[in-house]
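Chain lettering (A, B, C and D) follows the sequence in which the chains are written, and residue indices restart at 1 in each chain.
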Amino acid sequence: MSREALQELRGQIDVINLKILELLNERARIASDIGKVQLELGTSFYDPQREAQMLQALELSNNGPFSNETIKALFREIFRATLALEEKEARTKILVQRKTEADKTIITLPDGTQIGNSHFQVIAGSCAVESFEQMDMVGAALAERGIKIMRGMAYKPRTSPYDFQGLGEPGLQIARQVANKYGMYVTSEIMDMSQIAMMSEYVDIFWIGARNMQNSFLLRALGQVKQPVILKRGLAATLEEWMYAAEYIVSSGNPNVILMERGIRTFERWTRNTLDISAVALIKLETHLPIIVDISHSAGRRDIAVPLARVAKASGADGMMVEVHPNPPVAMSDSKQQLSIPEFHAVMDVLEGVTV
Amino acid sequence: MSREALQELRGQIDVINLKILELLNERARIASDIGKVQLELGTSFYDPQREAQMLQALELSNNGPFSNETIKALFREIFRATLALEEKEARTKILVQRKTEADKTIITLPDGTQIGNSHFQVIAGSCAVESFEQMDMVGAALAERGIKIMRGMAYKPRTSPYDFQGLGEPGLQIARQVANKYGMYVTSEIMDMSQIAMMSEYVDIFWIGARNMQNSFLLRALGQVKQPVILKRGLAATLEEWMYAAEYIVSSGNPNVILMERGIRTFERWTRNTLDISAVALIKLETHLPIIVDISHSAGRRDIAVPLARVAKASGADGMMVEVHPNPPVAMSDSKQQLSIPEFHAVMDVLEGVTV
Amino acid sequence: MSREALQELRGQIDVINLKILELLNERARIASDIGKVQLELGTSFYDPQREAQMLQALELSNNGPFSNETIKALFREIFRATLALEEKEARTKILVQRKTEADKTIITLPDGTQIGNSHFQVIAGSCAVESFEQMDMVGAALAERGIKIMRGMAYKPRTSPYDFQGLGEPGLQIARQVANKYGMYVTSEIMDMSQIAMMSEYVDIFWIGARNMQNSFLLRALGQVKQPVILKRGLAATLEEWMYAAEYIVSSGNPNVILMERGIRTFERWTRNTLDISAVALIKLETHLPIIVDISHSAGRRDIAVPLARVAKASGADGMMVEVHPNPPVAMSDSKQQLSIPEFHAVMDVLEGVTV
Amino acid sequence: MSREALQELRGQIDVINLKILELLNERARIASDIGKVQLELGTSFYDPQREAQMLQALELSNNGPFSNETIKALFREIFRATLALEEKEARTKILVQRKTEADKTIITLPDGTQIGNSHFQVIAGSCAVESFEQMDMVGAALAERGIKIMRGMAYKPRTSPYDFQGLGEPGLQIARQVANKYGMYVTSEIMDMSQIAMMSEYVDIFWIGARNMQNSFLLRALGQVKQPVILKRGLAATLEEWMYAAEYIVSSGNPNVILMERGIRTFERWTRNTLDISAVALIKLETHLPIIVDISHSAGRRDIAVPLARVAKASGADGMMVEVHPNPPVAMSDSKQQLSIPEFHAVMDVLEGVTV
């Protein structure tokens, strides 16, 4: 007899499910009307005081078997879903979010070089600008491989105030000079929004480092420049926080944001950071922005550059970033992870063999 | 006019809220009846296939404005709440969970020594049994401070197979002998369930190390011994996983479980692990089990033992565990974190001054 | 015979040890002279090219049994030790480092309120300034407990650009007004160095948030203000990185830095962050700066505030920070972790009972 | 004049460097003789008491400028280097360590199927054995793609004792039957060494789960079986700990160990774990063992299986592991991450297109 009883009870559940469905949608329609009134009044959709009142009313009317805790938890989900609906309708949907399969941001530089189309774009150069000779040697090697975007870092964020902090503006001049000589673009890290005007004279692509990923003043300020912006992931930033950091820039007016995965801080010690390669797939799924893999800072060691370059390309990323120095052992920063010029050529050779 | 419109629309929402409330509870009552039938039939409450069918039916009937995704998410919450209700009613509530303010497990050893009452119980001793002389010197120091529970470790889980793995059964004999001499209890780590019978001859309190926290065969086997069991937190275990590991023991028949917080693995390098002191408060909130703070493994260094001992006592823990060795620099394991005997006395002196 | 052979061989080792010792110190004396010449020449002590040459020379002369790798590793240690000596002699020793047992920074505010002396200083207030009424209610409660330093946050760093970002300057005006009414000091977060002049009119203690811990431009700029600066630990910053961040401020001219531990990002989910209580002991060991424990952001939940307050006091910290709001459920940010006013009083009552 | 002074002083340093070099190697030769005597005497190379004496003697003779701390640190490095040399000479070198470029373990199954040669081996199957029908459907799909190694899990390590724990021996029977039908091998997780005899009747490749990675009793016991062993990385295990766990098995007699990277526990929430793809390159560099990438548990979600499969192949791994279920939404465990059969075919199609 039990099995029939089960069937009968399940039929009752099915009926109730549909009634709840109907009420939820009716509720959503009314909430949507409320949303329109709120837009007119200029008040926020999210009204915690009103929510508190509704929960109180439900608690008073609740006779179980669901506990007040459960009822409140379920209604909080309903409130959240409703809020999401209102926000969607009010066009405040996250701008960086990917809407369709085909939706993707492609950034085009003056000579037609693109980031975000199907070409795997390599960004390379020394950790820091040290001298013209060093930059020139690197520039020549990059040019040989057809690389169009060169690191030209003149401000280095360092752990200690006594470490080498970069050459400053003279370093930018060197970078510009070398880039011009080889027909390349310069990307350079900006540390504070006060540098925008000066750096704009030298830099083609601004670069926001991991430590500044959530510096909202800098993000908003770079939302108003005409150059594209590379936004590195913070060293312990979740993918969600990173997406929202990009949203600060895009919602301030600059749609040309390039994300750069550079490894996250974990307990593992054989690498400087842990390259989160799954991040590439998830960023592609959730946003329409291009993403680049930094194989130098993620590993912090040059001896696995070849497999990491293969992995970067296979991951579906739009490119990779790699550090190159004419003489890594004497580099003023990051000496363990910069490739020598022959090592750089070896990596580029291998990359050509990867098809996905 | 807008403000009145808002009031009117909100009134409609209020009515719908109450209708949904009523339907949810009606649904819960029927589900509860279904639960009873399932109990008779011996089938599981959780029936993913049935859930899949219900979601499909809802999708077919959904005309928006809520998307199918949202409707399915909301109903999944309803299913989950219903399942929780059924499980609760069927008495499968987690045994280690604290039910009332007063609910707490107090473990009483044969001479009346208690763990989990208001007394702050110190467990101490060397990292490993090395010799009778060493154990005797430590035993004498412990006895001087009235300590009743002594470490007597004869099996050491080590990273490398070439590291010192403990003296084995002869080590247990030494520990027993010294404990008997000073009227103390021996706690010792068990590594595999095959050791239960042999170790039971020497050991008063079994000890499950961090690496074995989720060894379900060992957990269940120790659910059937008469001795209390210390269960260390795994090095990357969440509090929830730790609670469930304790549940394996308790649900197998042994209610006398003592949790031991020993730090978690994080990126920080100045300590061996990061002592998660908030865990004490949360374990007290969520379970009725006693909890002890291991100030040795969490820090991995002896120079902060004094403040950590004060912190352990202030946290509301039922005691602390500390390693003591007659000559730490030559200890066969953990030499950086074991206290010398004078350092141990200093820590005990300080503890006496802490009132909370 | 073996044992005597062992003795004989060990004697030979002892002789060699002393010869190496002598050579190391002779080498250090010469290096120190080199350091003086370099100081005159204005060149850096660290000369990687010279190091590379020395290593090469050693490699050429090395006939084993030590491998070139080992020899280079040992000499790199010698180079590092020598460099450290030169730097020490050149007074570039880290300023925040604690030199003697008694060495500690005590910060004194105009009315004699001190941070860093033996008194446990409580800093409290709402997460953000929302209105005069809210701040006034909180201010009255703080005044009742003799609290002298009030949170007055008008710029909130938020994950999403669409979240409440603080009231801005009007918020600072409210904070100032309420603080004046109750005879308290205002501490407020600064997000960008461009805000210094404006904020200086309202703020008694600047506050650098976790996201800006390594914003070196901001750190250096706050090295030039007269107000003390609270420096929160970054969410995944090591203690070493945090010390160096403080060094940026102190070496730029402002000795009055207060460190604030606020939990680190780990895998644990029952707390928002993991309070790293060992950090207090280690910061006290390594630096002379005061340190405060933030019990609100570390836990992210108010229900364990009482034990965490006890722990903070027992840890040896110079104080704690706690968020208080007249009506936490409707707070515009951090609603889960702010204490209600009665909860705040309960925490303060408990604190009085803790002696260490 | 300074530049010449500098040259002169540097010349003196060069001479001292060579003298230290000579003494270090002389010291190493004597230590090596001591090592031989110790081998005869059967005593450990590592003698902390002797080291303590030597450090004390050095301290007594040290007149600076190097501090005692520095001298002791430098000599500790020398001791460590010497110890390493002795150990190397005594053949206790780690067995799993890769010695030459060409050195690699290739495991050959009875029909010639190999793991560790250049072929990218796919291991697949459901998370758990649930029924013959389910296994048969999966087996047919695997056979279609030429897969030779099938998951046949009958014991599931679960967080809660109330979760589905696997079918036990009947599950193994089903797995064996299906594998035989399709000419495949069964790999199955062993939870305790007491299961070896029984499981050996059904299982071709033993599998040690992440939670048991440091269960040294189980590791040693599996060092004595004839089947190959898959050893998953612990959820917070460093690469070094993982290598040593493999060494437990290999040094106990079983050279056929296959490592499986399955992601590590981090703060990121969009994936269940963080796939540490750099681990593949480093394991290849440091050991001669084959390594497989688990793309199911690392991600915990099926929607990024395609890019992760490409990444696994590009990383240089010897294969990958993927979970497949005829109806993932109703699977008894891991329903979010198992691929449906069509999704599995899509992944296999993509894999064929990857060349590296």
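Everything that follows uses one rule, which is that a contact is a pair of C-beta atoms (placed from the backbone, for glycine too) under 8 Å apart; a residue touches a chain by one contact, two chains touch by 3 or more.
Not measured: the values here are computed from a predicted model.
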{"item": "Selected pair, greater C-beta contact count between B-D and A-D", "value": "A-D"}
{"item": "Label of the chain whose CA centroid is most distant from the centroid of chain A", "value": "B"}
{"item": "Whole-Å gap between the CA centroids of chain A and chain B", "value": "37"}
{"item": "Computed distance of Cα centres, chain D from chain A, in Å", "value": "31"}
{"item": "Centroid spacing, where centroids are CA-atom means, of chain B and chain D in whole angstrom", "value": "28"}
{"item": "Multi-partner residues of chain D (at least 2 other chains)", "value": "236, 240, 265-267"}
{"item": "Of chain C, residues touching chain D in the complex", "value": "2-3, 5-6, 9-10, 12-14, 16-21, 23-34, 37-38, 40-41, 50, 54, 57-58, 61-66, 70-71, 73-75, 77-78, 81, 84-85, 236, 265-267"}
{"item": "Touch list for chain B against partner chain C, complex", "value": "236, 238-240, 264, 266-271, 274-282, 284-285, 298-299, 303-304, 307-308, 310-311, 313-316, 353-356"}
{"item": "Complex contacts: residues of chain A adjacent to chain C", "value": "48-49, 52, 92, 157-162, 165, 191-194, 211-212, 214-218, 220, 235-236, 240-241, 244, 247-248, 251-252, 265, 329-332, 335"}
